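Note that the chains are named A, B, C and D in the order they appear, and that numbering of residues resets to 1 at the start of each chain.
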Amino acid sequence: MIFTSDNAFGVSPEILDALARVNGGGVSSYGADDTTKGLTQKFSDLFEREVAVFPVATGTAANALALATLTPPYGAILCHDVAHVNVDECGAPEMFTGGAKLIGIGGAGGKIDPDRFFARLQGFRAGDVHSVQPRSLTITQSNEDGGVYSLDELTRLTAIAREFKLAVHMDGARFANALVALGCSPAEMTWKSGVDVLSFGATKNGAMAAEAVVFFDPAMARDFEFRRKRAGHLFSKMRFLSAQLEAYLADDLWLRNARHANAMATRLGDGLSVIDGIVMASAIEANEVFVRLPVAVFKRLLASEAKFHPWPNVADAAEGHKHQTIRLVTSFATTADDVAGFLELVNG
Amino acid sequence: MIFTSDNAFGVSPEILDALARVNGGGVSSYGADDTTKGLTQKFSDLFEREVAVFPVATGTAANALALATLTPPYGAILCHDVAHVNVDECGAPEMFTGGAKLIGIGGAGGKIDPDRFFARLQGFRAGDVHSVQPRSLTITQSNEDGGVYSLDELTRLTAIAREFKLAVHMDGARFANALVALGCSPAEMTWKSGVDVLSFGATKNGAMAAEAVVFFDPAMARDFEFRRKRAGHLFSKMRFLSAQLEAYLADDLWLRNARHANAMATRLGDGLSVIDGIVMASAIEANEVFVRLPVAVFKRLLASEAKFHPWPNVADAAEGHKHQTIRLVTSFATTADDVAGFLELVNG
Amino acid sequence: MIFTSDNAFGVSPEILDALARVNGGGVSSYGADDTTKGLTQKFSDLFEREVAVFPVATGTAANALALATLTPPYGAILCHDVAHVNVDECGAPEMFTGGAKLIGIGGAGGKIDPDRFFARLQGFRAGDVHSVQPRSLTITQSNEDGGVYSLDELTRLTAIAREFKLAVHMDGARFANALVALGCSPAEMTWKSGVDVLSFGATKNGAMAAEAVVFFDPAMARDFEFRRKRAGHLFSKMRFLSAQLEAYLADDLWLRNARHANAMATRLGDGLSVIDGIVMASAIEANEVFVRLPVAVFKRLLASEAKFHPWPNVADAAEGHKHQTIRLVTSFATTADDVAGFLELVNG
Amino acid sequence: MIFTSDNAFGVSPEILDALARVNGGGVSSYGADDTTKGLTQKFSDLFEREVAVFPVATGTAANALALATLTPPYGAILCHDVAHVNVDECGAPEMFTGGAKLIGIGGAGGKIDPDRFFARLQGFRAGDVHSVQPRSLTITQSNEDGGVYSLDELTRLTAIAREFKLAVHMDGARFANALVALGCSPAEMTWKSGVDVLSFGATKNGAMAAEAVVFFDPAMARDFEFRRKRAGHLFSKMRFLSAQLEAYLADDLWLRNARHANAMATRLGDGLSVIDGIVMASAIEANEVFVRLPVAVFKRLLASEAKFHPWPNVADAAEGHKHQTIRLVTSFATTADDVAGFLELVNG
């Protein structure tokens, strides 16, 4: 019963098989192989537009490299207060940009509040040399609090970004989970909603270690390859990254995995919400469940075989710590038995 | 008939199998898994000393992260003129150190000349604020010209480094090939010869994408983990990196692979050296063959199915371009048939 | 009637004279001159302790260089939300540290709230590689909102910093103004209150362009000189920086200048506070006056010959913009006539 | 008898006077003052072209900021082996660019050899992600060995740079000395010879601490001001920098100072070259004299009141150290008596 993170699970069999399939000698290195070259067409088809696509192995690399192509050293990157790039990457965007500044914006449910975003941009002194210059916005979809921006919400934020000449990046570590939640097309959730560059995550949803940085305007990718190489993120045996992405997209594996993960989260949430004393901390929108447990239940679970992370929640403190919030993440590999077992534990 | 690079080959079956073996859910992320934890003991046994070991996916990452822990931004890294870190990593050491300077030293056969190294260090103005301060030496073993430093050669360089208070890094992208060439122990070729930190390469010798940064004094690794994370080189599903390294060491796979690659290079060299008109550019010490072909032969091979890289060689120019040097790299997967086939092609 | 900033004023005659006095040929460059060497004893006497002292020309350089010696690239610098280093230096600390992160803490009157500071530090995950690591605290004295920390307030913050192993920097761009406001000794306001490194400002208080970075533990300054040189902040004709600092300290010029500036601020505040409709935004503690003017008065002043900056104040918005807050800064060169003239303008 | 460096001398009286002249209150800060604004026209007139001009206080800042606007982090800066930016700025260009690489090119007399420059550029693998990408050339005029490039020599280098799409920077720390040596116009020695950006030095030639970064295409200066601010090189009391430059240009002070310095060097050289046993190490082209003294004479001078620097010279070693080369630098303030006195000492 593992609910700590979707990265605590392994690899989809189809993806492991793909690694074996591309094995063998005599293949060009550093991305000059056919598997890698083929990704451009596959991602262009997927996004209904000619894109430039670059495989990397980690989400932090994808985000930091993408943001570094969009933001000069004297620039500012606007993001949610709790964005992964802001609090969980040990300063990777700062390193890759050469010292740009991340500016956190608040907002409920892990979503950047558009009014606060607008106000913050207005507060900047455009062209004033004393201040870093806002140059990019990064939006996490689905986000760190389990929320999914609607297309309208995305468009509202990106329209403001456009007004202030900011480029827009989407951190899609859980892109598939958000996409199936919204039921829209990849194009709709990205460039049609104003996104310029996407970190297209696969690792959390069944790949071994594979993400794709997707530029919807290939011209913006101009110096990306130099930045990737100099960051040590160009793989010599690149086909093993690319094969993961290829298998991930094939036969809608990525969508099937994400649908399953989301369904397990919903099932978990449904089960929890009817248990006496349990308070749902937020609506379940993708594959994460945030739930406030009575402290006695929390302690019991901690001592059980179930694995999960406690989560900070000001509501718990405000109420005098009668409840403790926890985060439960489901994955492509979470089973209905895992869910049932966990519910049993909670029920005592 | 692929001789372009050892990274043009695939993955040893034992290593692919290991990926499948560690697959499955419920494993701690980011290196807290048992496979990763077990590496410390395995590498400590291997090197006959308590070490700190950190898996990363690329050689550039291993080198740049290691050098960044040894060298402040105002420091200088001494290396061979043609060192991979100096000419083939697009400035990765400069990025990771925050702008340290690489100082190339010449020397025949890809080996740093100890006298020139000593003279260069004497030329530095220690403590003079106008000059970067030499802080580290990096030695490639086996090196970019196919040469292997003897233990005496290593010790001579590291003794000089010690005298000037430089830390010593070894770029061991082809560590196994050098080790079996010398027939010494891993300890002898590293810390017993004065090496502080090693980039232990596995990718070129049968892994998919796995290197280990090994600190022979764990105290020197103090901030390594923060640097790795912020460079996007901490894998969430770390066990898939670690499993490659585990399988690489198990049952001496790494040594068997390297012995095979070296033997194929020797066989290739032996065959070439007796062909009329062919000039060996250097002795064959590990798994690389540098050979000067009459230009007609070179052109014929270029048009053949054989794959290899032409290589710059001042001797060719000096002689009026009657010969063209090429580099041939053998790997764990190079076959005797590949060698025989290539020799046939050369023979016409 | 200039109240925009203390840096809008010129240079004390004693300091201009000093420049002429050290002119002449044959003086060692880059700080090997006698004037510069003499500063160590002068600052050691001033601070009642052996210090290391380094002249630089700007406050931004002093702050960014000091913070870079205290904070690794993966570190965090804690500061007030509105600290100059955080909002007015275009990312200088980020540049000089190689991408460390500034973490703003709130607090009334420009003072870091100790409880929020403590809570923020507790919130950090010490040793967790996903998070930047808090390594330094910077305190502005007197601060950006015109406030002056009492010795008790300083000690409370630095004690918390010590508990979490943070080094402490003081941005003393207006050090003299704070010192004469508190009436304590330089030692008391710095190392006796837990400060490790000081940006000792002179430029705003009568120098041309001169600040001193003062390390109370000279061992902490180990690599400062390399950082200063490589940032272009080592002057070849250093004596002209040092002579400014020497003259600034001689005959208590610095204290006299600061006392005058503070007295003018008090006089201005006293005059304003008795005018009908005027609301003082904060108590006057050093040489800055923050005052909320009825909008009609504000507009009248804008059109006058008086120069000053409007200042953001949430209270104005909360109240429906009936008042507009402005900042008035007095200097060593502000005259009683300037003050009287301004009061007349306000009175209409 | 000071011949160590032109920066060992003080400030021209006209420049000290200018500081006093611009003193006084109520002047806009950070370059919004009239003196600073007036520089644009003055430098545009001087260079017969509309330029963008930015004062900074040190040559290292001027060079590193200029190069950082021309060179991305993955770029290479080509320069002479012994260029000040390469060996005497403790890695400033590396810091300001975010880790670009300096590539030294040899050449006699401190001048980049055009054939080697061309060959080096041809050797780069344009667009190959494994290699840093050459983006800028920096030429020192007059150079570190006392040489002055002719206009033809400049044009030859910049034409090659143009062919490979490199931007061209001139390090003009001794710009005036070179200009009067050539007897050409400032336009001819810069943009008419293919220079894009100039570090226009004044400090060595009579200013206190003032250099101007001059962009001959103002569009290239786009982000310069942000870089200057974030490096701590924007002065609040900017007029005191600008006034130095204004006075430096007024009434041809800069040219008079440089002519005097060069004349003193010539006089010194003329005197030395006729002394028995003395060997001139190079022709005297501007204000530096490199001379090989018999070791006995060198030792006698070392013990005298004359101040100068010994200088490395392979010729001395080749000959078995019978001579020791020294560098003698003359300045605007060097007197005929200084020269005569030195010649007397040499004559014994």
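Here is the rule we use: contacts are C-beta pairs under 8 Å (C-beta built on N, C-alpha and C of every residue); 3 or more make two chains touch, one makes a residue touch a chain.
Computed from a predicted structure; not experimentally measured.
Using the average of C-alpha coordinates as each chain's centre, A ends up farthest from chain D. More than half of the contact pairs at B-C come back, by residue number, in A-D, the repeat among B-D, A-C or A-D. Once the centre of each chain is set as its mean CA position, chain A and chain C turn out to be 41 Å apart.
Annotation: 35 Å between the Cα-based centres of chain A and chain B.
Taking each chain's centre as the mean of its C-alpha atoms, chain A lies 51 Å from chain D. Counting partners per residue, chain A has 73-74, 89-91, 94-95, 98-99, 129-130, 226, 229-230, 234 as the residues that reach two or more other chains.
In terms of which chains touch, the assembly is arranged so that all chains touch all other chains. The touching residues of chain D, counted against chain A in their complex, run 30, 72-74, 98-99, 129-130, 133, 223, 225-230, 234.
Of all residues in chain A, only 73-74, 87-91, 94-95, 97-102, 123, 129-132, 312 touch chain C in the complex they form. The residues of chain A lying in touch with chain B in their complex are 2, 4-5, 7-11, 16, 19-20, 22-29, 56-62, 64-65, 89-92, 94-96, 203-204, 208-209, 226, 229-237, 240-241, 307, 331, 333-334.
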